[in-house]
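Naming follows writing order (A, B, C and D), and every chain is counted from residue 1.
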């Protein structure tokens, strides 16, 4: 078993890490960190637990420590559920102290020597780690996963990008409230309502997507170059981000071929049979009215993205559209970091 | 006062007609029709009233009649809130009997001699009435308004279309449940959920939009010719359709000019000062997080469309995007038919 | 016109005061206070406005001042929308400075010389004002209204209490999220969920109810003495508290008589025809499935309480039950304070 | 393995039966019935599947038959998810044909020779089966479980009833929309709203509760005799009924003893270790704000009832109150019938 720690263990994403790791065959939680207010308390006393399964017994009495690498002993991997501002300062310290940091925070994602990775999409970007360690003189390293809405999108773009010439992509999201953290969206803001804005979300989606699909030349990642525009909206859904995608190709295509590329998509995590990897990263549904968050978010334990309503455009040539859905706090956050760590543990 | 009737007076849109006409200065409801099950009953006994204001006293005891022109006496204008199938059969009979039919139903919208009109957008299409009457030998006529999601979209497209060269428009909607009628969307389908499909909605939006912005050459309407693609979704909101719009222009433009064209937009109903016309058909908001359905749907008594988040695209040249919101059962349905009738009463 | 001020003008209840006073025939807002962070700003810049009507023009540019009586000039009445802790300190200062404080805060409600008043229920308790002024040496005074869920309950208890012998009352509430303030209830806590607890709400309901129905002997209020037990729950509703009431009488009664006492109930505000008083404080509905928050909360501009499902108990003698609904931020908060002030302005 | 069938397999409760039986160690689904419209189709083609897990492979291709015992071969137990009207006619035919009918329908619950059973509460009532078979000349029999809201309530009443003298119980429910079936509650009726009425629910709760706690004297069940009054309300929650319970005892008691009786409660299903029986039928929580539907409904796979807010009344002697929560379509419907069948399979 590999000893792992959770940085920011009392927040929503921290709790999701703990829930997902409960019966993990390779990772054993041996350290939990939180803010000073919680340090010194047993986890069950420090946390206001919001998951719909009980606190795993194995961590109930684990004493929470301050988020400081000197207090986290004998741990090989730390999962970071820290807020962005905090992560920028703290994650490098853990890497410097020799730990492998699998981070869900946005702070380091766009550093040129920090890999931003989805195992099914761009595992080759992990080679940046060597450059990162050399340049920064670290024994450990930081690897990041993208934003929740980016992950679901890019999983579906990957097989299309590999097999067709994408010219233009427009994405309109309908995102769940859990993405903003427990206190992020007041009920007064979202009951019988929606909010057509999520701070920095559109910028992240556009930048991260092109980076994830970019080429790594041994030194740097050269972003992909198709046009991409996103509009992000919060809707009264607990978990599960839905995205309407409009795509224009550079040339003619058969919609059946696009569909086949999505349906057949398997990648490295599936070949390696990693514990958290879905058998089918993309599930394509034929029904008119799917995907739906409450019905589809938990497919493959929340690690698959469901695609539906694949259809051609009536008025725009070489174009088609579809709707996708991914679980934002599993595939889009904690599960993404865990899958990154599983891949690293397997191949490095 | 002009005597008016409501066809399909017990349904959701029928109720909205009655609510909106309660204190109308020119129109007086003198006839209410419904299915045979309701015929012969007082309106208050025939209806399950779902509005949040009481049934107007003036219609409480009005006896509902079957939807048959021979039973609707001394009425000049009838508002049709009939279901599409029914409307196709019944509306022509009322027109034949000499009545002016202002219809919210989709049945006749795409007939080449039936005007599909938004008073602020294409009042000149009303000249089709003469052609319609001649061709069909009717004393009365039928005029229609578009689908709820089309109206809100086209109101915002009109000033842009008039002042710039639109190349491409992508629209992703987040539509309120009231658009499907009282029993249209089960709560099990929409609580903690959304449904990424609304039957025939995308086809209607695409076809109607291009028709509304089309040229009337004295005989026919030649549809507008820019690219348009829509994706329609139902969200857990009671009233108010929100739409994310992505637009590409044929050439460079200043976003401030687009904004000014929206802000300054006034048209015929404003000049004629029609009773139901909003002073400002389009309200542009500067806040990051507007428009929102619960906050903005009732602006100008539900007859204005609110636009927000006007911003340029980072990755696509000559492009910008915005979010709009309109009240789907007021501006998008009953209010639209009433405004059509007010315009007709004023100018014909 | 009487000059009035709003203490805590930027919060939810403060905003509701401003909305309700927009076209008031006697009260004119001339002062707005808030925390130091807002002081010195124009109201429209200081507030994040959450009402569904625009900020009244008359206060848009009013400069907000710190909540300090020396900064509030030429004002006769102040409405307090302060949080409880703050109110305990600040409201006495305004009373000492000679102002009439109509408070919605809970801080002073249970002070023996501060009247807790619903104009329809216990206007005679206002005689405590003289005692208060004498005892405390104030030129001004403080008058309070009860908690939102108490007001709606007690309005319905009053005619029953006056005409029958109440032995026992059990109340189970289903309260709207707006009662907790804009940020009070996170969406994660209430979507597809409910919270069976509201801090101190049950204590307030039980204590305040018995006080409101108590006898004022010229010196003190002797609380009513029937048994009362409440259980308070938060549900995913924006506005409008619903309460299920079970009542046992000391002797036999006719349910029709109870109903008549509710239907016929009129009191002092109706006789005086105060501007904010509903014509019918209690509306009794016959339908099986009413009252409902979205349908009934705005009856009589949000100032009436709607009662439904009046029915006898099958298994418990001399007992009956009903369901009531009141608008928690109008009748239950800002509107209650305004009605208190209107009564005071009329009779003192 | 025992062959079982599902009557009414395409409805919401029918689907839940299929979901819960997917990996059952003793019961194997070999027959599915539905209305004539579905008969002859494969299950996956006949059903609009609404569960959040996929259709079990084992039944995907099962051909649905009409609900007629002659078409259901070699089946020992049938679970009935039929609507009440239908059940009254059809269930007796299956019993006559020799099958054991475990019914969730209300039709036969109050027949004096049909046991209404919760395995933890009144397994001895199963002795009515012999009387039923004798009286009706059936080889098979019908056993029923109570209404969803009754089950959760009675599970918590049972240990109290056994250890204390209950005088009076008042219950106010907040019930999930799934209890009304997929199309039962329109979204227009429940978004930003609640409905204070559920047809016949109060009557069922009152009658069934007293029957379940009644004494079986070898011939008949003599209902329990304490006072019981219920008020039932529908709230915008997908799954999980919450109930506020007020209880008066005949004499003094220690609240800690009540709590202990709830916490320690185990009964026959726990002793027999039946597959679907929860280890702890009642989970008592200490937090102020629990139970909550989304957090607690799935405890013990949806088969436990969670109790919280156990507290004494301030104003009413010998009284206390609490809030309970149970999963209405698992513990309160399909799971209840399955547990009944497991008990019967074990002891008969």
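Everything below uses one rule, namely that a residue touches a chain if its C-beta (ideal position, glycine included) is under 8 Å from a C-beta of that chain, and two chains touch if they have at least 3 such contacts.
Predicted model, so just to flag it, every value in this text is computed and none were measured.
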| item | value |
| --- | --- |
| Touching chain B and also chain C, the following chains | A, D |
| A-C or A-D - the one linked by more C-beta pairs in contact | A-C |
| Between chain D and chain A, distance of the C-alpha-averaged centres to the nearest whole Å | 40 |
| Chain A-chain C separation of Cα centroids, rounded to whole Å | 47 |
| Residues of chain D engaged with two or more neighbouring chains | 50, 189, 191-192, 236-238, 294-295 |
| Residues of chain A touching chain B in the complex | 168, 170, 172, 174, 189, 191-197, 199, 203, 206, 210, 227-229, 231, 233, 235-238, 242, 244, 246, 288-295, 308-309, 313-316, 319, 321, 323 |
| List of chain B residues in touch with chain C within their complex | 50, 52-54, 191-192, 238, 294-295, 298-299 |
| Partner chain C, residues of chain A touching it in the complex | 12, 50, 177-178, 182-192, 236-238 |
